[in-house]
Amino acid sequence: MSKLVNAKAVKNMPWEECPKGFEGPIWRYSKNPVIDRHPIEDVSRVFNSALVPFKDEFIGVFRGDNIDDIPHLYVGHSKDGIHFTFEKEMIHFVNEKGEAIPDTNYQYDPRVVPIEDKYYIIWCDDLCGPTISIAITEDFKKFVKMDNPFLPYNRNGVLFPRKFDDRYLMLSRPSDSGHTAFGDIFLSESRDLTYWGRHRVVATRGYEWWCALKIGAGPAPIELDDGWLVFMHGVNRTCSGYIYSIGALILDKDDPSKVLYRCKNFMMTPEMPYETVGFVPNVIFPTCALVDGPTGRIALYYGASDTYVGLAFTTVDKVVDYIKKHAR
Amino acid sequence: MSKLVNAKAVKNMPWEECPKGFEGPIWRYSKNPVIDRHPIEDVSRVFNSALVPFKDEFIGVFRGDNIDDIPHLYVGHSKDGIHFTFEKEMIHFVNEKGEAIPDTNYQYDPRVVPIEDKYYIIWCDDLCGPTISIAITEDFKKFVKMDNPFLPYNRNGVLFPRKFDDRYLMLSRPSDSGHTAFGDIFLSESRDLTYWGRHRVVATRGYEWWCALKIGAGPAPIELDDGWLVFMHGVNRTCSGYIYSIGALILDKDDPSKVLYRCKNFMMTPEMPYETVGFVPNVIFPTCALVDGPTGRIALYYGASDTYVGLAFTTVDKVVDYIKKHAR
Amino acid sequence: MSKLVNAKAVKNMPWEECPKGFEGPIWRYSKNPVIDRHPIEDVSRVFNSALVPFKDEFIGVFRGDNIDDIPHLYVGHSKDGIHFTFEKEMIHFVNEKGEAIPDTNYQYDPRVVPIEDKYYIIWCDDLCGPTISIAITEDFKKFVKMDNPFLPYNRNGVLFPRKFDDRYLMLSRPSDSGHTAFGDIFLSESRDLTYWGRHRVVATRGYEWWCALKIGAGPAPIELDDGWLVFMHGVNRTCSGYIYSIGALILDKDDPSKVLYRCKNFMMTPEMPYETVGFVPNVIFPTCALVDGPTGRIALYYGASDTYVGLAFTTVDKVVDYIKKHAR
Amino acid sequence: MSKLVNAKAVKNMPWEECPKGFEGPIWRYSKNPVIDRHPIEDVSRVFNSALVPFKDEFIGVFRGDNIDDIPHLYVGHSKDGIHFTFEKEMIHFVNEKGEAIPDTNYQYDPRVVPIEDKYYIIWCDDLCGPTISIAITEDFKKFVKMDNPFLPYNRNGVLFPRKFDDRYLMLSRPSDSGHTAFGDIFLSESRDLTYWGRHRVVATRGYEWWCALKIGAGPAPIELDDGWLVFMHGVNRTCSGYIYSIGALILDKDDPSKVLYRCKNFMMTPEMPYETVGFVPNVIFPTCALVDGPTGRIALYYGASDTYVGLAFTTVDKVVDYIKKHAR
Amino acid sequence: MSKLVNAKAVKNMPWEECPKGFEGPIWRYSKNPVIDRHPIEDVSRVFNSALVPFKDEFIGVFRGDNIDDIPHLYVGHSKDGIHFTFEKEMIHFVNEKGEAIPDTNYQYDPRVVPIEDKYYIIWCDDLCGPTISIAITEDFKKFVKMDNPFLPYNRNGVLFPRKFDDRYLMLSRPSDSGHTAFGDIFLSESRDLTYWGRHRVVATRGYEWWCALKIGAGPAPIELDDGWLVFMHGVNRTCSGYIYSIGALILDKDDPSKVLYRCKNFMMTPEMPYETVGFVPNVIFPTCALVDGPTGRIALYYGASDTYVGLAFTTVDKVVDYIKKHAR
Amino acid sequence: MSKLVNAKAVKNMPWEECPKGFEGPIWRYSKNPVIDRHPIEDVSRVFNSALVPFKDEFIGVFRGDNIDDIPHLYVGHSKDGIHFTFEKEMIHFVNEKGEAIPDTNYQYDPRVVPIEDKYYIIWCDDLCGPTISIAITEDFKKFVKMDNPFLPYNRNGVLFPRKFDDRYLMLSRPSDSGHTAFGDIFLSESRDLTYWGRHRVVATRGYEWWCALKIGAGPAPIELDDGWLVFMHGVNRTCSGYIYSIGALILDKDDPSKVLYRCKNFMMTPEMPYETVGFVPNVIFPTCALVDGPTGRIALYYGASDTYVGLAFTTVDKVVDYIKKHAR
């Protein structure tokens, strides 16, 4: 059985037991959505966001689509991972010298990854087209942004939660400038977070229908004793739009460009009203996982229909077992 | 503060106070939708329609999508602007000599504009492709249609409620023959409603995301002492279709091709079940405003998901104030 | 008045009277959907399926979209046509010699047609692209598959429930390899179910908007004394996707390539929550009709939003009368 | 036999007899192209242009694509209609008061039509998208531009060379904002060249393949005693782009919205090297016809592959005879 | 070494030796094109055509694009396979009872295949969309057309030149209704030329770039002692259109749905002016091969740029050797 | 006047004086193309290639499209820069340890840049989609390839010919996976050629029509005392495909992400038969410049219609003067 590595206890870990008779690998929180429309003044929808334990609470970076539909990033707080309060002012970044820099036109789909005693924010930013930016914070007040580490067009950058020797590793999904109709997961390396290279293909769209159009990494990879657990989104296309479901991979411990197991099934697909109706119907998009070391419990946060934040639960044992049983 | 000009009292004006704690510029009627599916025999959906005070009641022209999905126009009546009855027979037009003329293949999205003691109907008609037609009525029984005043392809023709010297003014949104993926607002002039010219650009799509794809005028412009208040629709595109929101402009009093204020935010966006689910999900499309002179109250009628008619409220003070505060 | 021909009594025929005041030609079962999400282990959605009376129960072939979104066919049972149980293993076909053959990549949208004492399954199969396959069963345990009777790309094959002299007749809708944006109904003949020819155009898309994009046959044609009643789907396209409604044709008794009556209206269009929200919103797709000879009652099964199975009712008298009254 | 009406003698009329054995209705000038690449400094290509007899020479308005590919209009001169010199400065227009106005972003495909003692220039101009502009000149030095007579999107405006009672008539081809994939010919009326209305469909694309995609009028209509001769372009689409050929219509003398004869064949199609190779291969696009009254000779100028100007010849007798013989 | 089977001597076989130093498997006739523009009155271009030895001459069926761009079929004659004369009237078909039937809207890309003492014409015909028709002639005067043997959409039907037991075999390339962007080769069987079934995939597009978009059979397969030699077209797509090259397959002698050798290279690609410039630039499209039994010489006819007929030469030894050496 | 910096004398520099009366900034070699079709056995076309002075000759890396249309890279030699011989075997790369690595599926559009005593090859390579690779050679026999320095999708990587302090600089044009319909020039930095970051926008498509669709760098930048001269391609789109012309930029000496001058005109556009006819008509694509230090002469090599290599000439004085005069 795979075991968690480097996973601490999470204080006030949100949790709900699996409903009786439910047989899937992941179950929804019964009081979803945890973030409803209009949680911040002049913000229409919060979704596709990420949080981490921080001091006595949870803190995170949240995508807020303003009342002009343009997304920006906001800091949010929660005592229990279920009820949230938000700061009213969007995040403004500084450069590596600590100087203020101009806001870009939009920012969205942030991930937050702790490495040692710092927090790394990775999001989709505007550099004459959408691509990945990286910032570092220690206090969620000052966010230091790296100097354009990725070329456009790229999205869904997800950093590994520790270095490999002296190198950082990042998953990403190269894209085009629109509602990209393709998407594969790549792995990239860097010694300094600014200069990236030695790119590798990790996993490609297709095989099954539910992920035939594109796939991309979700929360930061979760370290096991024998691999890396990666929740991902997979996209299918119907005559009425895209369907985003949640799936998973287990990558090789030492060389995470190698896929050990790829779950051939989606593990959750849009079914609830808050997932099937909204700004973009039929989207569930995982971006954050809280993992409690002692119990192996996982709280998986996901954007729902580009309108809400949903929460779902599983355990390391259950999910890894499911992936291995249903590997292609 | 802007003041209404030329606005009479509206008898039986529909109204509901703003819910406590609600902060937006426009609030929905709590018993929406005011027109549900199947309001007329053999008509599937009524939406994108317009009414005016007329004698002791409200009367209007309504888009009814028949049970073959083809839209025609119907006369409807209401005592209170909330409950409606409809005539069973679609409108048949006569020419300027009063002779019967063949029905065109379809008619949709009517506006009704009173000028002096006549009522002008402007709608999207078929002339070997969609374009704007105009008819005049005095009694909502006989509708006299002008002789092909616009070339295809055009839509969302909206007449100003009074003449400028000897000229009529019309806003419109030149289009193509399909689900047009662009749209800007133009102004045109005429001395006789049949021959049009001196066209001007008024406002173009873009700037903000919520109106990045197209914009078009909604109800007839509302005259203020220092400008014209124009509610409009703005359209954004997702991977699962178009999103229609409601925004607003204030145009120059004497030269309405000039924009004085353009609200950078949408003022209402699809959120309610009858707005997010239906024939075309995520559409709210304003086409009519009743304005009560003494109180400045506005009752805004809008099509919802191409299936229902919704009603929302605001006041001149509130909406103008909001536009000016959030002008770009 | 048209009379049913060759229609037996159906034991335990599902039925519910028309709601008072309802004026349309078809009414929904009040407890819809009759098949909800997850009816089979590891199957996400069952829809677009067909059943027949068989011994003391109903038996049928059901499209089940697995938890990888790929569809396969399953046998299902019901005592009352309303509550269903399913076999856990998908159908595996044998060739005409009774030998096992490899499963194709996907199978979907089955119809089941009894002719004399055998049952013919027609579905969309994979032959280097989607096309129509045919299998014969006598016991719903052994399914003998014909040897590639149709070239790609084709869909919605629907067999007539008796031979014409020595010839089988099949309706189909030639397609392309994707979310085909066109579709007309053709008629084909065969003496042996394997070799097909003498193809004829029966009915083409267009005329009305609700079926402007494509049309295709639904359940097996129902024989009347003066024609064939064919329920069909018709598809319209909006800026947010396709809309599938239900319509009908009456074909010539002796030469069913001739349309006697074509109902210019849809007879049912997506309106209920289970029809307007789901994997593909706004789809109702008829695939099966139970017809009770003595009473003329019809129980019409249809896929709803590619997620559920819905049930609706009518009678031969009512529906034929409606078609003739609203024929184009 | 149809006879020319209102056609004067053309001094120095360009002419070449029909080659022996040639059987088509129009023959090319043997020394084509008459305008080669780079005829003006900093102009890459001249094509789709128009000239008229003026005093002792020919004068005209020419489309010149600059060395940034953007088209502007230039005045050109010729003694013989075969050799040309051009003015170096593009045309700048003045308004009806004679005041200078800003140049629009581009101008292309001009026609020049004399009515009484003035010359009317009609071309495709920029009004927040391409549409038709009109200007009047008496001396080809001062060009007075009408005030936005047409809404976007429109192209290929062609004025009739005389008024009908007090009305001007214009043919045009409503378009979209790109490489429009459709096009039909409409007729519009005006009393003053600025306000236009009473639009009519004249002729639609399709019928034959060579004009299946779009059709548009070419030179000004040529008046006959029993109709109007209109050369037009017709466009077909192949897997490697559009093919522009030359065809013709004869319209009713008194009501030119009626087509008396439509030639079902193209009368010339791209075949020569200067027509099949160039900036846009396989384009011949007629824009000007000189007609010599006494002899009935026609010199037809056409753009070739968006790169050259070609010249072809025919006579009224020959071409009218051909159209009537091959009318659909 | 493969040997020809069932190949007679061809009287007046066209031939030219391979140019010195030329190393490819096929060489062009030095006086190409053998059919230039306008070979028939009112026919603009002849290409994609087929001929056979017949009595003392060659006779064939030719695609002639009329001066409305619509293609029809014409009978043509030649003494030497290089100079041609054509009948002026297009072919009109009769039904199996010998009765006249209406001409379809278009006919194109014919192949002519002798089997025993009859000649089979296979071409792309109109049946509410393009598909394959078949006719039989004995004298090239009366052409008896089968009753709609194929459903739309299909093209490039190529019959095998002898029966397999009691069955005819046909290669075809299922298509869509436009400029189809995909294409694979299928094999179908029939006992009577009207009813077809037992379809098989033979070869699919892709593998190499030159045939990445689509592939289709060219002339009738040439019988060898150990297989069937099939020339084919392969299509690549650039940013300026499709490129059609010539390739080849060798199919299994007894089961020609099996590919023995597939040449990974094109064997000829558009290079000459008459191949790279014309109605559709960069197309060479083989449709006919004359094979001289005693010498093994092959005269390969191909359409060039949808405008001309070109002729190329090779020998069975040379071409089979090349295919085997470059098989994938 | 700008002066060349770091430019050595080129032995046997190819050269031809400007033709009399020619006024443009660049003139073609009178004996173009310098590389015709089939220059290498089994290679169909050589184009978009680069050479450098090397010992007593010129040596380079050439794109050769094989007879399956797939491009690979070949070493070529020339004594005079006009006549070429090629090695028959495509280049096989080794990794940084000198070990053989598998050939990727395709390689194209190489640039060759000398820095100090090594030669850097930059080309478009396959990494699960097209992107930029880099290799180093000292002898044009052993080519050491960096470990995946760029993510897909990217093209037209062009290295600066010297380091800036300790950093290499690269221009590139991020793309999508097909015939990319957009393209802007970015600048990236690296300390080691493998890890890249600090990306900047340099110049964007648009402004003028000739480069409205995309722009990309051509040969390595040429160092001047006051800037960097960069020849580029600019692309326009017609209804029959893309048009590639040649333009130029002058970048800031110290911060080449800044554009000092951008020539608003193209400097050469497809006009000659070898440029307007070929595999992709209307393409001229500059990839290499030889610069003779003492004289300032430039020999500019460009791919022509994806089929040939053309050669053109200018001088530093002439071209810089032209750019500055026509800067936007």
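Per-chain numbering from 1; labels A, B, C, D, E and F assigned in written order.
Here is the rule we go by: a contact is a pair of C-beta atoms (placed from the backbone, for glycine too) under 8 Å apart; a residue touches a chain by one contact, two chains touch by 3 or more.
Not measured: the values here are computed from a predicted model.
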{"item": "Partner chains shared by chain C and chain E (touch criterion as defined above)", "value": "none"}
{"item": "Chain C reached from chain B - shortest hop count over touching chains", "value": "1"}
{"item": "Contact-richer chain pair (by C-beta pairs counted) among A-C and B-D", "value": "B-D"}
{"item": "Distance between chain centroids, defined by C-alpha means - chain C, chain D (Å)", "value": "56"}
{"item": "Separation of chain B from chain E, taking each centre as the mean of its C-alpha atoms, in whole Å", "value": "60"}
{"item": "Cα-centroid distance, chain D relative to chain E, in whole angstrom", "value": "42"}
{"item": "Where chain A and chain B are represented by their mean Cα positions, the distance between them in whole Å", "value": "42"}
{"item": "Interface hub residues of chain C, defined as touching at least two other chains", "value": "240-241, 277, 281-282"}
{"item": "Full enumeration of touching chain pairs", "value": "A-B, A-C, A-F, B-C, B-D, C-E, D-E, D-F, E-F"}
{"item": "Chain A - residues contacting chain F, complex", "value": "127-129, 146-154, 172, 174, 176-177, 182, 184, 186, 188-192, 194-201, 204"}
{"item": "Chain B residues touching chain C - in the complex, by the definition given at the top", "value": "37, 41-42, 44, 66-70, 106, 179, 240-242, 277-282, 306"}
{"item": "Partner chain D, residues of chain F touching it in the complex", "value": "23, 208-210, 212, 236-241, 243, 245, 264-266, 269, 271, 273, 276-277, 281-282"}
